[in-house]
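Each remark here refers to the structure printed beneath this line.
Chain lettering (A, B, C and D) follows the sequence in which the chains are written, and residue indices restart at 1 in each chain.
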Amino acid sequence: MQAHSIEPAQAQARRDYYERIDKQNLTPLWEVLGRLVTSTPTSPAVAALWRYAEIREPLLEAGRLISAAEAERRVLVLENPALRGLSAITQSVYAGLQLIMPGEVAAAHRHTQSALRLLLEGDGAYTAVDGERTTMRRGDFVLTPGWTWHDHGNPGKQPAIWLDGLDIPLVRFFDASFSEHSSVATQMQAKPEGDSLKRYGTNMLPVDYQPARVSPSPVFVYPYERSREALLGISHGEPDPHLGFKLRYVNPATGGSPMPTIGAYVQRLPRGFETRPYRCTDGTVYVCLEGSGYADINGTTHSFGPNDIFVVPSWNTLRIHATADTHLFSFSDRPVHQALGLWREARE
Amino acid sequence: MQAHSIEPAQAQARRDYYERIDKQNLTPLWEVLGRLVTSTPTSPAVAALWRYAEIREPLLEAGRLISAAEAERRVLVLENPALRGLSAITQSVYAGLQLIMPGEVAAAHRHTQSALRLLLEGDGAYTAVDGERTTMRRGDFVLTPGWTWHDHGNPGKQPAIWLDGLDIPLVRFFDASFSEHSSVATQMQAKPEGDSLKRYGTNMLPVDYQPARVSPSPVFVYPYERSREALLGISHGEPDPHLGFKLRYVNPATGGSPMPTIGAYVQRLPRGFETRPYRCTDGTVYVCLEGSGYADINGTTHSFGPNDIFVVPSWNTLRIHATADTHLFSFSDRPVHQALGLWREARE
Amino acid sequence: MQAHSIEPAQAQARRDYYERIDKQNLTPLWEVLGRLVTSTPTSPAVAALWRYAEIREPLLEAGRLISAAEAERRVLVLENPALRGLSAITQSVYAGLQLIMPGEVAAAHRHTQSALRLLLEGDGAYTAVDGERTTMRRGDFVLTPGWTWHDHGNPGKQPAIWLDGLDIPLVRFFDASFSEHSSVATQMQAKPEGDSLKRYGTNMLPVDYQPARVSPSPVFVYPYERSREALLGISHGEPDPHLGFKLRYVNPATGGSPMPTIGAYVQRLPRGFETRPYRCTDGTVYVCLEGSGYADINGTTHSFGPNDIFVVPSWNTLRIHATADTHLFSFSDRPVHQALGLWREARE
Amino acid sequence: MQAHSIEPAQAQARRDYYERIDKQNLTPLWEVLGRLVTSTPTSPAVAALWRYAEIREPLLEAGRLISAAEAERRVLVLENPALRGLSAITQSVYAGLQLIMPGEVAAAHRHTQSALRLLLEGDGAYTAVDGERTTMRRGDFVLTPGWTWHDHGNPGKQPAIWLDGLDIPLVRFFDASFSEHSSVATQMQAKPEGDSLKRYGTNMLPVDYQPARVSPSPVFVYPYERSREALLGISHGEPDPHLGFKLRYVNPATGGSPMPTIGAYVQRLPRGFETRPYRCTDGTVYVCLEGSGYADINGTTHSFGPNDIFVVPSWNTLRIHATADTHLFSFSDRPVHQALGLWREARE
C-alpha cells in the first residue's frame, strides 16, 4: 500500500470495519501487504555462531543428566537466537549436536523427516540405515533419508559427537510428519558394511536399479577421506572469487541432491583467501572441518575454528576470510528453493 | 521421549541445566521431540467455511472504504481461525477475495509469489499477464505465475469479485520474497487476447518452445467452459468412491502442475453421491462452483452452496455429500509435497 | 584416411593382407573411415514427391484387386526412389497410403511399431485404439502408439484414404519388432468416442494419472479443426523466416512428442511467403493439407497442391514458396535425434 | 497377410499391377507386411566370437603395413559375419580393435559418433578428451563422447591394443554424421590428469555444474581397478540367476548411461555358475576381462577366455557357464531401446 493521508473519521470507519470483519476471520490485505510481499527477503532469523569448545562441555553434561534410552536422541538443539522455541536454526532447517556415550545405542525409529549426520569427534560410532551399518569418522557425511529405519550406537571408548541436520521445521510447516518406533532397538545387519557405497557409489549402479521419481541417494555415507581428496584434487588454478573451490554432494543415481529437502556442500578456501560478498535465498549452516578464519555476515564478524558452527540466514551477505587452509562443510534447503523456482543468488 | 519417572532432585538439576544452556541458544531435544516428530500430522490449522452470502457485503463495503489505487489490491484475506494474524488459510497457502469496482484497475507489479484467480462474479474483468490480457468469466481459473508482470481491471458495469490463491506463507517461510512495481499501472497489450491458449493450450506447442526446468504453465487461463465440458464428458461409469470425477489442471508443456507451488483441481459429484472418508497431507481450499452439499470434516458438518469456500487442513478426514450435481474447484500446495516426497493420502 | 601414394608392392601386400583377415571377419577401418565418419550427413535417400492425383487411382484399383481382409492392411508403400525394396521413405521412416472401402474393416492387431494416420479423404472412417473409436475427418492426425490394439473400419459410403506414417525401418534397425493378432477383428467399444480427448486433451488430466517414463500421448486424435484454428490464431505478426507459423503436436501429459519415435508438425505459410534455406538432420515427410506452392529441395523444384506428399532427406536444403495460403502437415523421427543428442539444424 | 489361395488370372493381374505402380515408387504392403512386422525380432546379425589370440597377430601385422598417421585410426573392424561390408557387429553398433605402436599418436578429431575404449593390453597408452589426458590400464573403460575432441598416443614401450565401440551404424542410419579434424595432432593438456574423475566422479559435483538435457558423462574414465573392487564388494549372497553380479556404468551427473547411445556393463560370474536363459532386444558385445567359460547362444556353444570378444544378436538366447571366476565387460545400444520404449527382455 502506498502512503496516503486519510482523515480521522475515515480512519475510524476503517477501524470499525476491521473489527466487524475480524469476527468473520477476514483481514484487510492492504494493511499487511507490504510485510507479506517484500522487495527482498527479510528473514526473521539472525546470524549466529556456536563455538564447539563452549558447547562440548554442556553436551557431555547432558550425558550425565539423561540416558540415551530415556532421551531417545540425546541432542542439544542449536536454536536461532531470533527463533527460540521453534527448534529451528533457520525457518526451515533444524540443527543439533548429538552425543552417544560409549556402549550406548539410540534406538531404531523412522520418520518422514530427512536427516544428515556429520561426525565431529569420536571415530567409531555407527549409524545403521535400513539394515546397513556405517562406521563414522570425523567429517563423514552420513544420511538417514526420510522414512528409512535408522539407529545409532557407540561401541568405542570415547564419547561420539555429531552434528544432526534435519528438515524438521519444513515438515512441520507442511503438516507432513509421520513416524514409527521399531520393535527392536538395534537393527539386524542385513548387509555388510560398505555395501551401498560399492553398489551405488563408484559411478556404477546395479543393472536393474531404477530410482523412484523422488528419491534420496542410495549411498548412505560420503566419507570425508574421499571428499577431502577430491577437494584437494581440484584445488588448482584460480578459486571461484565467491566460493573458493566448492563441491556439492550428489545422489549418484540422479545427479540431484542427497535428499529431496537437503543439499550439502564442502568447500576449500586456501590460506589467506577472502571471498567476495555473496548472498543466496537459502539460509545455510556451516561447519568448519579444517582451518580457521573470519565469517563476515551482514557486516558483523565471527571468528571460527575447527568444529565451530555458524548460520547465515537468507539473503544475508557473506564474506569469508581464511586464515589457514580451510575446509567448510555446509547444508541448507537449497534443493527445495530450486525445485520450486525460488532460489536466487547475488554475487558482488 | 518415553515416559520415565525421575526424582525431584534430578528434575531440578535438569531445570537448572536447561536454564544455563538456554543462554547459549541450546535446547534439549528430548523435551520437545514428541511434538516435533509426530506419528501423524497434527496441523495447527482448523477446518472452516466462509459463506459467500455473508462475506460479499463486507467486501463491497471495502469498495467504499478504500480505493483500489490506495489498497494496491483490495482484498479481504480469509484467515484460518487458528492462524489469525498470519494471512494464511493453511500453514502454507493464502486465500482472499478481491474486489474491483467498475472502472478500477489494480496496478501492475510482479513478485516471486505465485497466484491464481478464480472469478466468482462480474464477468468481464480482466487479468493481464506479461502483456496478454484475459477477460474472465465465472469459474475461469487464471494464473499469474511467480515473477510475471500482472495487472487487473474491470471495464464492465458490475463489481468483479474473485478468489485469490497464493503461496505467500510458503514464500515467507523460505525467506524468498522479491517484488517490483511497474512504472505503468496498466501493461500495454503486446499480444491479442487468447494468444497463449491458442499457442500452448491445444495439444500443440510452438516448434521451438522449450520449457525451463522449473516453469509454470505458459497457458494463463483455463476457461471454465472448457473444463466443465471435460468434466461432463468423463462423468460416465462409476465415480471414484473417494473423489467422484476429478481432474487436475496441468501445464500442457510438461504435464506438471500449473505453477510449481500450487496445484488445482476440479471435480464433479453427482446428485446424491457421498464420498468415502479421505485424508491427504496437503491442506486444501475448496470452492463450490455449482450445486450444493455437506462437507464433513473430521466429524463436523458444513453445508455449502455456490461460491462458498471451505478449507480442509492436512490429514483431516473429508466426506462430501452432494445434494445436487456439484462442481468443486480446489487448490493446495500438493505439487510441493509431491516434489519433496512428503505427500501421502489415505482412503478408507 | 588422408591421401598417401604407396608403392605397388606395398599395395599388393595390403590387398593380400585384406584377403587373409577377411576370413576372420576383420576389415581395415582405414579403407572405409571416410565413408563412415563424414563431415556432414550424406543420406542415401533422395527427395521425391507423390502427386495425390496420380496415386489415388492406383490405390482405388488395389481396392478391386485385393480385399482388406486378405491384405490385412491395404496400403501402397511410398518408397524412396533410392531405397527401393526397403519399405522406407527415409532410412528410418515408413509412409504409405491406406484405403478402406465402404463396409470394410482392417482387423485388430498390435505391434511395437508406432503409427500415425492422417486422413486425406473419406470423412467417417474410424480408427479404434485400446477400445476407443475415433471417427476421422480430413486432416485429423490420429495415433496408434506402439503396442496398442488398433483396428479400422469404414462405415461410410465413400472410400477412405489416409496417410500411414510408421517407424517400421527404425524398429527393424533396432531388431525390436513384436506383434500380435487379436482374436476379434473389431474391438469392443469400451469407452465412448471422444473420451481420451476430454480426459487428457483439455489442459487437464485425471487426478491420479501418471505417465510412464517413456510413453506416448494418451490423446489419440488431434482434430484438424482444432489445429487449424490454433494455426490461424497465431498467424499474426512476422512469420519465422525459415518456418512460417509452425506448431508441433505434443503429448499433453509430458510436453514431449506424440510418440517416442515420431514427431509431427503443422505449419502455415501465407500466400506469397518464401521460406529461407533450412536444413535439419531429420528426414521429413510433408503433406499439403491446404494451398499450393513450390518446394525447392537441394536446388530441384517440386510443385505441390492439396494431398500431395513429398520427402526431404536429412540435411537437404529446403525452401518453400507458397502460392496460396498453405497448411503443411509434416512428420519425422526428430524426437529420436533429439533424445540421442544427434539433432542439428542450419538456418541460412 | 494371411495365406489365401488365388487364381492364376488374379495372380497375373496383381503382378501386372505391381509392375505398373513400381514406376511410381509404390509397393504393395501386403506382399511384405509379414517380413516388416514380425512377431518377435529376427535380427539379420548372427552370433560370433573373435579369439584374441587369433586376431592379435594380424593386428600387429597392420602395424607394419600402415602407419597410424596414414590410417588416421589403425583399426581392424570386427564385422558381423552376416553383415559384411557394413562395418557393423550388430545392426546399430560398431566394434574394432585399435593398435597404437610405441611412440605413435592418433591425431585429434571429433565427430558426432560416440566412442568407448576398453584397453586390452599395453598399459600406458593414453586417450585425451577435450584437453584432459587419461592414461589407460587393462580393463579401463574410457569415453570419447560425441563431438568431443580426442586423440590418442602411446608413450610406452609395448604396443597398445584396445577395443573401440562406436555407434557408427546408428549415426549412419539417422544420417547425422558430422566431423572435423583438429589443426593440431595432439591436444594441449589443459587440465591435469585425473581432473574429471575428482571433479565429477566421487559422488560430488562442482557446485555450479548443470548437465545439459542430453549429455554424456563428464567422467571420461571408469578405472577397472575401481570397478573390479566394486564387483568383488557386491559379490556376496545369491547371484542373479540370469546375470550373476552385474553393474552398469552410469553418468554420475544424471544416473543415465555413460553416453546417450551406448550402455556399458560389467558382471562377475563365480566359478561354476551357469546363467539361466536370457534374451533382450539389444544386441550386445561381450569382452572377457578375467576368467573363462562357455557362451551358449541360441544353442551354439562358444568357449572364451581373456580378451576374447563375442556378440549376441537381439533376442538370441544366451546362457553362460563360467569355468573360472569370470568378469565380463559388455556394451550395447540399450539406452536407445529404453529411451524409445523398445527395450524388452525375457528371463526363462
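We take it that contacts are C-beta pairs under 8 Å (C-beta built on N, C-alpha and C of every residue); 3 or more make two chains touch, one makes a residue touch a chain.
Chain-to-protein mapping (UniProt): A, B, C, D = Gentisate 1,2-dioxygenase.
Keep in mind it's a predicted model, so treat the numbers as computed, not measured.
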Chain centre separation (subunit B, subunit C; CA means) in Å: 43
Chain centre separation in whole Å, for subunit B relative to subunit A (CA means): 29
Length of the line joining the C-alpha centres of subunit A and subunit C, rounded to whole Å: 52
For subunit A, residues contacting two or more additional chains: none
Contact graph of the chains (line, ring, star, complete, other): ring
Chains touching one another, given as label pairs in label order: A-B, A-D, B-C, C-D
Residue numbers on subunit A that touch subunit B, as the complex places them: 1-2, 4, 10, 13-14, 17, 20-21, 24-30, 32-33, 36-43, 45, 48, 50, 54-55, 58, 61-62, 65-66, 70-81, 84-85, 87, 90-92, 94, 96, 111-113, 146, 168, 170-180, 214-216, 260-261, 281, 283, 313-315, 333, 336-344
Footprint of subunit B on subunit C - complex, ascending: 192, 194-195, 198-199, 201-207, 211, 217, 219, 222, 226-227, 229-230, 233-234, 236, 243, 246-255, 265-267
